[in-house]
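For reference, the structure discussed in these notes is given below.
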């Protein structure tokens, strides 16, 4: 205690003072942001699942930040236009956007230069794993029987659909076929405009398998036209507790899936990142958000900032592998 | 801009040839027997065929018949005098040009000034007096902005003259 | 029965009634503005529905889309600028009636038969939803291919010009539809390195360009037309009963065609209007009058497109498969409001379903008085000098196209297609046929390629499956029809020449 000197006291006091000043400045900056409405760019059209997710996030975020959060749909170029708009916005925190899994796919096809690294990752909000659907009256009782049937069938005999050529569910199927030791086109891919037409064609008997997320398959399953054999994830989906995981039945398999997250343009200041991430975390935990997501059957998953960045890098790597295997990648 | 069937027909045939060529150079897609090149090539072939038929005047009789039917109801068709001076006919470029001007200027000038210019120019081109054109150019953009920005939440650029709402 | 009473209670709630009224007015205004379609009216409603109760949210979409499809006829009739792609099929006809001084008859027919069609579609939804759904589910890509092909053939029937030029225009539309990577191969085609083109060229900017902008251009280079005879705008509903009596067959046929096309996922009001107008002309006793201001085709097409709107909800409500672009958006709203599509909606939430039926009927009845007011207001543009109307329309074109995706590139497309449309129209190439090609292009290719993948490259299933075979026979006869007519005329004309 003898070391307690006057000079020491002054020094420490001034440090405290300076520190509090810094703190004051920081808190000042935090209290001023946001001082005007925030724009949340959604790269897909109004009425879709991504749009709905963006709107529910915006609605709750508005309450947390105390400023209007306007969802702006920037469509065109199969998602390129909207994703570009997010990356080129001024990094002031007043324009953020909803990234979708396509950002990890488009650059492999040479559609854009943008990658997940072209953004400041803020938070992962949603992840949906693919599940394997077959017709309700098909002979396959479980995923193992289907896998055996696929192996036994001549290449191209069985048909699958659920998205366009090179779309996310096509890649999920390719990944699964590879894990079975089969070439990517062993099951022929019938391109469709999304999961709903694919499920319709499944019910009409035009195709054999539809890999897509469970919420997308739900109406047809409920209508008794289709059944889901397995979800390609490590855990069951709490909304669909009867659908077993692939891991349970056939051992571990890491599949690609869809995800959505919030990000800003590159170079977002750290204090704004803090503020936004904290608010987004509250959104994620809010009753409105969880009720909405479970109502639609969407899976929720949280990861923030660097962790979200790593998640996107991993997704990017997986997509690249699957697309190269399927012969879809340009680079 | 009334061109002879020979010109438009040849143009369509050329476009068809280009589509066929462009289509043929598209890469095949693994797992698809009929790749992305087939459809453009079929369309291209159709365009070549149609273009040649038009250039040779096949099917012209239908057009004359249709015009005759219409004329029977409406009286002889009134067409723009072909003797119009070139400057007059060049005004055809005005609407597309103004739309491109909007694309270029909207983010810089903002919605209201840009569209005010557009409306003023077109109104004057139609021979409106300044007494009409100026108030129209001043008020119509504000009304349109109010409807689209406020009611329909279309994010129109504020630019130099942001609206108070 | 309890459910029905509960349904009425749901609909008669003040917030629902206000939502229906306001969104009806909104739909009428949006649909009547050139460049703003029924789909966009629905899309722009989505943020608003967020704050509404579930029934009010769905009610607002039903009301707005029905009104917008009807009021798309208004600018088409008055200015030859169709408000929605569905109106493009018969715009020339309606405009010809306006030129003859019968604007109120044309618009009245649009209104009256739209409302009746909407009610017929709703009845089909109530009575036959499960049967219609079964029909939709049995439609495979083979059938879709023929259906789309048949739709394309309408181009030659609808246009009043040389069939060769109509086909050329349609092929141009198909070529435009090739642009982008929305093709079965997922390969970027004809994008010339422009990233905005990756998603393809949408129908709305093209429609706005080839109709609205080219109309402004045409007006700029032609002298002011002689003003229409100044007279009182007649009664709108007068004469509609007479038309109904005279053309009840056409109306019924339009309703049935509309219901069937509407229920098929992917084919909506646009296609219904085209097919019905073409059918009307094909089976008419006086086809030579078509295109000169003859109400017969308007009756059938108007009856058809609104009928398709209601039946389009069948696959959406039962299986979550969108019947058209409007229901695609509506499904999103249903989910958002916890009214998840599926058969349980009909059983467990029957009162909500009945409520939807009531809203459909209510909206179609409400369409008549509101529509009359709208027509009266809109018809003032006929008296306004074009120097004030057309500049505003040009700005609406820009904003309308921009609002489809908040993308400036859409305006570039409007400018380009405005110029193209002007040149085409001036040389006898029907622009409506090009719009049809763009609307149908993706469906033709997609259904053809996916069918071939499914049949392992065999063409046989295109003719083997029963429905497919019928559609194939219809398509081939439609294809050969102009050739047949041409030959027949040759034979008929020859003896006369000899007689001379």
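Lettered A, B and C in written order, each chain numbered from 1.
Please note the rule applied: a contact is a pair of C-beta atoms (placed from the backbone, for glycine too) under 8 Å apart; a residue touches a chain by one contact, two chains touch by 3 or more.
By chain, UniProt protein names: A = ABC transporter substrate-binding protein; B = Tripartite tricarboxylate transporter TctB.
Predicted model only: the values in this text are computed from it and were never measured.
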Chain nearest the overall C-alpha centroid of the shown protein atoms: C
Greatest separation from chain B - chain, by CA centre: A
Centre-to-centre distance between chain C and chain A (centres being mean Cα positions), rounded to whole Å: 35
Gap in Å, rounded to a whole number, between the CA centres of chain B and chain A: 39
Centre-to-centre distance between chain C and chain B (centres being mean Cα positions), rounded to whole Å: 21
Residues of chain A touching at least two other chains: 72, 156, 165, 188-189
Chain B, residues touching no fewer than two other chains: 29, 31-32, 153, 155
Per-residue multi-chain contacts in chain C, two or more chains: 44, 47, 184-187, 406, 409, 449, 453
Chain C residues within the chain B interface of the complex: 30, 44, 47, 96, 99-100, 160-165, 167-168, 171-172, 174-175, 178, 183-187, 189-190, 213, 216-217, 219-225, 288-289, 291-293, 385-388, 390-392, 394-399, 402-403, 406, 408-409, 411-412, 414-416, 418-419, 422-423, 426-429, 444-445, 448-449, 452-453, 457, 489
Residue ranges of chain A touching chain C (in the complex, touch as defined): 45-49, 51-52, 55-56, 59, 71-81, 84, 109, 111-112, 156, 159, 161, 164-167, 188-193, 196-197, 199-201, 203-207, 218-220, 222-225, 292, 295-296, 328
Of chain B, residues touching chain C in the complex: 1-3, 5, 8, 12, 15-16, 19, 22-23, 26-27, 29, 31-36, 38-40, 43-44, 46-47, 50-51, 53-54, 58-63, 66, 69-70, 72-74, 78-81, 84, 88-89, 91-100, 102-103, 106-107, 115, 118-123, 125-128, 132-133, 136-137, 140-141, 144, 148, 152-156
List of chain A residues in touch with chain B within their complex: 39, 70, 72, 156, 165, 184-185, 188-189, 326-327
Of all residues in chain B, those that touch chain A in their complex: 29-32, 153, 155
